[in-house]
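Take a look at these structures.
Across the two complexes that follow, chain A remains constant while its partner is chain B and subsequently chain C.
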Partner chain A sequence: MEYTKQGRRNRTLIIIWTIFVIAFIYLPVICDALSSISKGRYFMFPIKKFSLDWWSKTANSIEISSLVSNSLLIAFVVTILSTVIAFCGALAFARFSWKGKKLFQKIILLPVFFPQPVLGLALLLWFNAIGINLSWQTAVFAHLVWITPVVTLVIAIQVYGFDPTLEDAARDLGATPFQIFYRITLPLLWPGVWSGMLFAFLLSWGNFPLSLYTTGVDNTVPKWLYSKMVAGYTPMVPTLGTMSTLGAAGLMLVGALTVYMMHRRQGRA
Partner chain B sequence: MISSKNEVTQNVAEEIKPGQPLLDLVNVCRDFDKVKVIKNVNLVVKKNEFFTLVGPSGSGKTTILKMLAGMDQPTSGDIVLGSKSISTLPPDKRPTCMVFQFLALFPHMTVGQNIEFPMRVKGMRAEDCIAKAQKLLDLVHLPEDYYNKNVMKCSGGERQRVAIARALAYDSEIILFDEPLSAIDAKLRKTLQKELKDLHRRSGKTFIYITHSLEEAMFMSDRVGVLCKGELKQVGTPEEIYAHPVSRFVAEFIGDVNIFPIRVKPTGGWGSTDFPGQLFKVEPHGDDLEGYIIVRPEALKLVKEGTQVDNVIECKVLNQFSLGSRSQFQLACGKKEITLELPRSEVDLNSVGKTIKIGWNAHDAIFVTE
Partner chain C sequence: MTKFSVQKIKSSLTEFISSKGGKCALPVYILLTLGFVAPLFMVLGFSFATPRSFSAFTSFSLDNFIQIFDGSTSVWRSFLWSIALAAFVTAILAVVCYPVAVGMVRIFGSKTSTFISILFVFPLFVSENVRLYGWILFFGKNGVLDGICKLLGFHGPDILFTPGMTAMGLAYSYLPYMLFPVIMGVALVPKDLITAARDLGSSRLRTWWQIELPLAMPGVLIGMLLTFVLATGSMSESKILGGQSIIVITNDIDVSFTFSQNWPQGAALAVVLTLIIGSLTLYAFKKIDLDKLMGRS
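Up next is the complex of A and B:
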């Protein structure tokens, strides 16, 4: 009897705690979403009238479509480049040993721990010093400095778990290096590569501190949100914020579904 | 046969007649960081035979297998296929295929895709690949519907069969086995050993197998090579190696033995430090003045009144173990421990603690110098 009572109490506490944590994490995002569908210019409780006007205005804004294009372009290029660099780096870390490997590993991963505004400022000073004009390309470079180490870590986890005997077996069975790569190595490392790509895209898409210093005249979504919060607030700010969050969540969902489908195809789901 | 880059060496191997030397290892050495791992190994493997290299961990079995497969190269010496040196050829240009210790099945592929892999990478037509894969499934006693089964959902024994079928699909003349049964439970291992032996006969391929299990080597092989610390100590049929080991190491490795150091006494006859004051009859004498005699537990006899044996010693029975149809005794003669094995019918059930006489004939003991 006592035991059941205690069990019930524990369960109630767990439920309360879970609700609290979920509310803590998601309430700001929900407020943002509510604000975007409120007719009023400023977000206030209770919401008097709901409307999708701001969604329509945001979707039709030329300015916003331009900065979404910039953000997408930067995120896309960063995803491709960082994944290629990280894939090669992860393979080099996991497969080969050379003198100074551990030191090199630490130096490569160090930018992850740099405060991003400091890194952004350093890159800005450097670009100025060597006479490079700031644009989306410089932002790509800045993002790569911070994101590539993260993607390397993500892919390296998969590479460390990969059994190199499988490549030996494929070679022994007559496969060429290219056949080994696309029939054995890549399919088995693909979940790690895919996760790395998603990380790269989302980290670049939502990056503000590095973009603030390095995009120049090419505005991005996070930078625009910040500038409009500082001066010239419009309900398009929470609307674009909500769109951006939903887009990222959608991408995560597609990513997770893709991994699930891959595993199912391989019969491992 | 699959048209492949190893066509030249495969043709060389195919031209050799069964029973003729196929692979010849000539003074093969392999050093790792100045440590000699393989020392002057000379070995001939004949076509169509089931040859097993047996030895304890670290004896260099896998290194030799890797050199045969082309995954490693000798530091010196040569590996010759027929009359063609293959020491420097990569794996895909040799008529060999390896079944790895942990099988190395591709986990993202089905059973059928695993078996088809060597055919697909050589560009064989899809329908031919499927037909051959299904024939191989049948050959290794796997049901036809396993073709689409995920290989990771197969049991240990089934995976083993898939790995062998994949190696057979490559259609190489020689199949190398790197202790593939080591991770399988004893009962299934026995079944797979029988199947492997049977498969060897039906496939007509040359099998080179490595294992640390003496029992496995004796059970399956036509000939066995015993390796110790990178040296090939003895090569022969399982019976030869069991009956005529060339050294203490081989004798000890191939089952229970009693070993006594022995030397010619200045006064004549052979004496052993294990049995002071006693003289033994030893065969053959030769010119060696000292060595060891090796007596298998089953070569020892219980000496009763009227039993005629060349050598007799007195021992105390310390322990008695039942082996089913036979019984094993742990005996003590002074400080020397001796193992005796007798048929159940000859056994006195209450012999522990008693003093008994045992003996052996000179021709039942083996004299070795090292």
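Up next is the complex of A and C:
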């Protein structure tokens, strides 16, 4: 058959293309890493001398540790709040059939389809109008507006695969609503909730456009990196960037493994 | 008549609150009212304030909007740049992502696909600044590309801080936003249908054009919309990689709010941008059934 041969050629082309696209995505991340381990104030390729000076300088900087703790605090609070709101939202999005569902599904997407710098500025005006001073708390709120819809979608994907008859069965067997939620619904949706939390944390950790306008004096890592890129470059920029990337990668690896284990356990049960 | 509609609103509100879905949707609605609707309403208020004032809803003037369109400023150029760049990047990304999506859905096994999706999701978690800065290290003077060229005996191209570089940066930043919806779209296409079309003698191109693409279209459309909207509203790419060689609209908005302290002007620009993006989004949303797109994947 002639088209299997052509099919095989297309297959190879697609595989090569995918590898190429992945390489494109990771190229700048690798460049950051290279620059962080080269000695000297200005990056020169090929690297003449490797050193971890910038790593130790960055790790020991007091300014940077305060940035990191701000970013961590914001990301932590955003994760908790957005996951709780998004869990309810995901049930409304995918579990129940109700009258306003189609409308809700679209409204919740609007913030995702909205440019973040403009949203950040709008929130700035709003906070200013109602007399709230900018701080890490306002940044948390700003992050929530954008991150909660994303987390809702992530959890909703899990909810679509949920079999509602299991809840009915539990009810028929005499379980209370609380028992049903705690023993049936939540455990089955847990992988989705966990992925949602991971998304929330990491998206908040890396967010720049919303933080730019809403953090006030409480600087975050992405904001600091930006200000140094625009003026006053130091090799700490790629170094901190690489550190943050590695941290996120580690967290994601642990998180993805956990989700994988949950799925496996559920598959067996 | 009014009494009737008030009653209607009241009854639909009770229905909303008493339904399980409505109760669950409530926290999201509260968040979006306070964090999305109200701020945008503030922006709208400011856009009608007298230029250079610092309070909304106390004065009324159309000057801010007139200034945008009467040609006395060059903001219309920023609008054109933003839209043109976004359209260009959207087209490029659709072409770049489609084959990858086909690979993820039909060619790589499910384990490999999961791994590859993790590889594509991950960059979203790294601050865009950091990733864009990596390109400066790659393309810059004495950077990776320049260094490799010098080893080969010639100077590297000087392409940093050009409009083309901004476009590359946008394509780079928004690639995952195109890829994942397109994957969902391609997953909607039943494989049997393609086999059937092929068995009945349809050519590869025709099968793709008449069977596969129309069925995958909801996903492709969402991807294109998302990319276009986000690229139109992006700022970092033109600032970091474009080196301000072109001014995009968000940059103008940013400048009005910060440097030139003309909030009403910035608000009016934001309103026009929101209208462009919002009408496009609402139009596309009308045509898409999200249950179908997400439920099956």
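The definition used in the following text is that the second predicted complex is superposed on the first by the 239 of 269 C-alpha atoms of A that agree within 3 Å, B and C clash if a C-alpha of one lies under 4 Å from a C-alpha of the other, contacts with A are read in each partner's own complex, and residues count from 1 in each chain.
One rule holds in what follows: a residue touches a chain if its C-beta (ideal position, glycine included) is under 8 Å from a C-beta of that chain, and two chains touch if they have at least 3 such contacts.
Just so it is clear, the structure is predicted and the values come from calculations on it, not from any experiment.
**Q** Record, for the superposition on chain A, whether partners chain B and chain C clash or fit.
**A** fit
**Q** Now for A:Ala249: first (chain B), second (chain C), both, or neither, which partner does it touch?
**A** In the superposition, A:Ala249 contacts chain C only.
**Q** Quick one: name whichever of chain B and chain C touches more residues of chain A.
**A** Of the two chains, more chain A residues are contacted by C.
**Q** After superposition on the shared chain, which partner residues are touched by A:Pro187: those of chain B (first), chain C (second), both, or neither?
**A** In the superposed model, A:Pro187 contacts chain B only, not chain C.
**Q** Going by the contact rule set out at the top, does A:Ala142 touch chain B (first), chain C (second), both, or neither?
**A** Only chain C; A:Ala142 stays clear of chain B.
**Q** Figure out whether A:Gly216 sits in contact with chain B (first) or chain C (second), or with both, or with neither.
**A** neither
**Q** In the superposed arrangement, does A:Thr176 touch chain B (first), chain C (second), both or neither?
**A** The first partner, chain B, only.
**Q** Could you read off the angle at the CA centre of chain A, spanning the centres of chain B and chain C, to the nearest 10°?
**A** Between the chain B and chain C centres, as viewed from chain A, the angle is 90 degrees.
**Q** Chain B and chain C, closest CA-CA distance after overlay, in Å?
**A** In the combined three-chain model, chain B comes within 16 Å of chain C at the C-alpha level.
**Q** Which of the residues in chain A end up touching chain C in this complex?
**A** So the residues of chain A in touch with chain C come to 3, 6, 11, 13-15, 17-18, 21-22, 24-32, 34-35, 42-46, 84-86, 88-89, 91-92, 94-102, 104-119, 121-126, 129, 141-142, 144-145, 148-149, 152-153, 156-157, 160, 202-203, 205-209, 221-222, 225-226, 229-230, 237-238, 241-242, 244-245, 248-249, 252, 256.
**Q** Give the list of chain B residues in touch with chain A in this complex.
**A** For chain B paired with chain A, touching residues are 2, 4-6, 69-71, 90-92, 96-98, 100, 102, 104, 106-110, 117-118, 121-122, 149-150, 152-153, 166, 170.
**Q** Touching chain A in the complex: which residues of chain C?
**A** Per the stated touch rule, the residues are 12, 15-16, 19-29, 31-32, 35-36, 38-40, 42-43, 46, 56, 96, 99-100, 102-104, 107-108, 116, 118-120, 122-135, 137-138, 140, 142-144, 146-148, 151, 172, 175, 198, 204, 225-226, 229-230, 232-236, 239-240, 250, 253-254, 257, 263, 266-267, 270, 273-274, 277, 281, 285, 290-291, 294-295, 297.
**Q** Report the residues of chain A in contact with chain B in the complex, numbered from low to high.
**A** Chain A reaches chain B through residues 163, 165-166, 168-176, 179, 183-184, 187-188, 266-268.
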